[in-house]
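There are structures below to look over.
Shared between the two complexes below is chain A, which pairs with chain B and chain C, respectively.
Let's look at the complex of A and B:
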């Protein structure tokens, strides 16, 4: 499934040409697949009017129809309805035996792989009507972050969740993103500035398997923005321009914007800048830690990467925490900063959210949450990696977060509490006999 | 005295946002004693066509880094960049590759 990159929307189209070349039976390639196209309409978050969104969508539909691939137009407002399974890592599909490969390729060639759209399919992929109230909820959510940096980060997270969910429900196993070399170089430096150093390999590498069953790939990462722009111009590839959150903002409006400006300016004088950054990113790998399991507590709730916050005392992260605590204890009214990070869960949410999962407290003889007079508060911070913590800290209130995030947070919190309570009775892997 | 020259300008990749969304412009540059070059063209564009936020298009003497310039379908670096002398019926394209317009 190819994602249309906002900004210069022809990137996805560019990769479509390569897909067509690769799929043609004359090419002696090993890779054969059925692509689809997905477009996430973010007009509601960016502040576009309904007419503008519909106009953009109509333009894009014409472009997509011309490709002949099945396409899906999804408004970002649908992120409010996602199931909490989106932020849970799914097991990766088992590898089929090698002998099945030849049979699969033969079957593929025999079936109609040119991807003709049936009229019935076309009906289903039209953009559904978006209610005004949902757009407002989305705008409230994005608006609750004070800085543009946090807003862009939040938007990226939500968009990625929605993409993964769409890929899962429509039956695709891989998601192709349209990040080009220049964008990835900017993203690398931005990630470092945002505190995402531990997740660099996954954020900028060719393939990203943090979701387990859906692999995110970046096939365009070898091509610079200039090459793609020239290619599109020379070969008359249609492009549609879509404004994003930082369109027409000043250079210092957000960290992402500033980094982009820095890299492009440096590139003008030193043409090897982007490729040097890119080559450096290729050398990054994720070290698999000894406690590398698929357990929920080890993954960040928002970005699904391994948590980087469980480190020993002499680390840079601990130093950051210590200086934060010291500066807070000196300022008056420090308790106000604690409040946004805890949320009050609605009482009726508790036992029904897990779909049959028992509230942990009932088993230990305490009161069931749903009968408690005081609603639960959840400390989101412990469930997030460092940079997602910074994003959440920037939000005025986490109540605006979509329900799937909040309910998954509650579930993990309860699991963690339950584990704490019975930890004495658990056998560690290291215990032998005794 | 150089005669007035007709130039075809195109803006893409988001740069058209700064020109009221109009992508194609047919303009005629007035006659002047010296031949027109790209540097003077940029000044002319800033004065006559650019509707808002000049700093997002022009930086100092040249275009903002990240905006590609094509002169008659060739990269302007091959044609002399700012010193290229414009000729009648030339086609100049400005494509923005930046995220922020």
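Let's look at the complex of A and C:
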């Protein structure tokens, strides 16, 4: 499944073009997979009007139809309805033995002899109707992030969740992203500045398997933006411009924007900048911290990468915690941070009103959560990696986060409490950490 | 309406911490700053009681504050260290001779022994002379390489066990960015380490106690403590590549103040893929200093200067090392390439 990226649709076109060539029967090395195209309409988050969104979608649809591949137009508002399974790593499909590969290829050739799937079943002619109220909820969510940096980061996370969900439900096993070399160089520096050093290999590498069953690949990572522009010009590939959150903003509006302008300017003076940064990214890998076991490393709730917040002595993370502590009132105690990153769970979750089973705590002598009349509070920070913590810190309130994130957070919190209670009886050392 | 200090909640706040944004009064800020350095030292186990520690002092804000804080903490927490000041004179008129006056003043104020080593006595070249030959583009390479060795030689002369430098959080973050931009994966892996490994003859381990202190906070500390320091930019540095990384970092800080720590966090958590070729540590065949090539960088640079081939140290030259070692003359073509300098 190829993703059409807002802001630079030509990239998606480029990969689409290559796939077209690769799939044609005369190609020397024929590509053997069934592609589809997905476009996430973010107009609601960016502030476009309904007419503008419909217009863009119509333009894109004409382009997609010409390819002959099945395509899916998904509005970002659908992210509000995702199931919590999106933020849980799915088991990766078992590797078939090598001998099965040849058999699979033969089978594919036989079944696909008629060429690409003809999209006769493509009934959609317009973007599915999006309710105004849903768009407003989405805008509220994006708006609850105070800085543009946090907003862009949040938008990226939501978009990725929606893409993975769409790929899963429509039966695709891989997701192709159109990131080119220049964009990835900017992404590397941005990730570095956001504190995502531990996750750089996944953010900018060729393949990203953090979701388990859906693999994200970046086939265009060897081509610079300039090369793509020339290609599109010479081969008449159409591109559609779609504004994003940081279109027409000043250089210092957000970290992403600042890095982009820095790299572009530096590239003008030192033409090897982008390729050097790209080569650096190739040499990195994902670190495996001591707290991860073979099966279930602790993963960040939002970005699904392994957590990098093990508080080690003499680390930058430890130093930031120390600074926070030392700058605040000595009487309040060690671990209180300025703005509690806690949310109140909706009251229906409490066991008393649901009429369900007793929560059992009263028997062990603790307070039943309902009898104390206090809904569950969640400390989101402990479930997030370093840079997602920064994004959440920039949010005025986390209540607007979609339900699937909040409910998964509660589940993990409960599970963690369970583990705490029985930690002395567990034999598996890996889960307990060091 | 006066804002109260967020730590003691009694006195009026006189500053806002660049690192966290909290408003603090003078005393609480001093305490927080010094305490953070102390935590860094203790957590990273930088020193052992009874060691002699050389403080690399240049007269600038970082080393002035470092000397002051080390003296304060040594007394307050009884580290049991013997402190000394070590300074390097690169021979830059109008810049270094002024800052050295500051170091001499520091020596008197803190009553610490001082040793000054100069490029002139160690290498026979001052930076002024080097710039005349090399030009203004690559001179920082010479200065940096020479200074590293000079510090080590000075430390051996002073017989110290460790050197501590005044590198602050901004410096470390800039270095991470610069190494990514230059594609220097080996340095990228090492640059966030708080202290260097201590193997090798002629190499004194060094550490950075101020690694997590923001530059702006260092200035605030010096300002409120009324510490005097020399604050001009080196006159030869405006074209250094590091300047780009520095400007970028300053911009990042203005967008999000925690970026500096975030970059250091990223740098500490980087992991290099197996199978990536890394340089191996050996010794220089001529002077015995640590080196990953046959000849150490400063020997190569010196050779270039002495022979009138200023570009010898810049760019790839390890193929010529054997020739230089055996004192063979270089071919005319090689000489021509190495001589050309664009000013």
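Definition applied: the second predicted complex is superposed on the first by the 362 of 434 C-alpha atoms of A that agree within 3 Å, B and C clash if a C-alpha of one lies under 4 Å from a C-alpha of the other, contacts with A are read in each partner's own complex, and residues count from 1 in each chain.
Keep in mind that, in the parts below, a residue touches a chain if its C-beta (ideal position, glycine included) is under 8 Å from a C-beta of that chain, and two chains touch if they have at least 3 such contacts.
Bear in mind that the values here come from a model prediction, so they are computed numbers and not experimental data.
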Exercise for review: Considering only the touch criterion stated at the top, classify A:243 as touching first (chain B), second (chain C), both, or neither.
Suggested key: first
Exercise for review: Would you sort A:279 into first (chain B), second (chain C), both or neither based on which partner it touches?
Suggested key: second
Check your understanding: Thinking of the overlay built on chain A, is A:188 touched by chain B (first), by chain C (second), by both, or by neither?
Key -> second
Review point. Of the partners chain B and chain C, which touch A:235 in the superposed model: first, second, both, neither?
Key: neither
Revision key, fill the gap. The answer to whether chain B or chain C touches more of chain A is C
Exercise for review: Tell me which partner A:206 touches in the superposition: chain B (first), chain C (second), both or neither.
Suggested key: neither
Point to revise | Which superposed partner A:387 touches (first chain B, second chain C, both, neither) | key: second
Review point. Can you list the residues of chain A that touch chain B in one structure and chain C in the other?
Key: 253
Review point. What does chain A use to touch chain C in their complex?
Key: 147, 149, 188-189, 191-198, 200-201, 251-255, 258-259, 262, 266, 273, 276-277, 279-280, 282-287, 308, 313-320, 322-324, 326-330, 386-387, 390
Exercise for review: Could you pull out which chain C residues touch chain A in their complex?
Suggested key: 6-9, 17, 19-20, 22, 24, 28, 31-32, 35-36, 39-40, 43-45, 176-177, 180-183, 185, 188, 194, 212, 244, 248, 251-252, 254-256, 258-259, 261-274, 276
Revision key, fill the gap. Per the touch rule, the chain B residues reaching chain A in their complex are 12-14, 16-17, 53, 56, 65-66, 68, 70, 73, 75, 93, 95, 97-101
Exercise for review: Would you tell me which residues of chain A are touching chain B in their complex?
Suggested key: 7-8, 182-183, 186, 225-226, 228-230, 233-234, 239, 241, 243-244, 246-249, 253, 256-257, 260-261, 264-265, 267-268
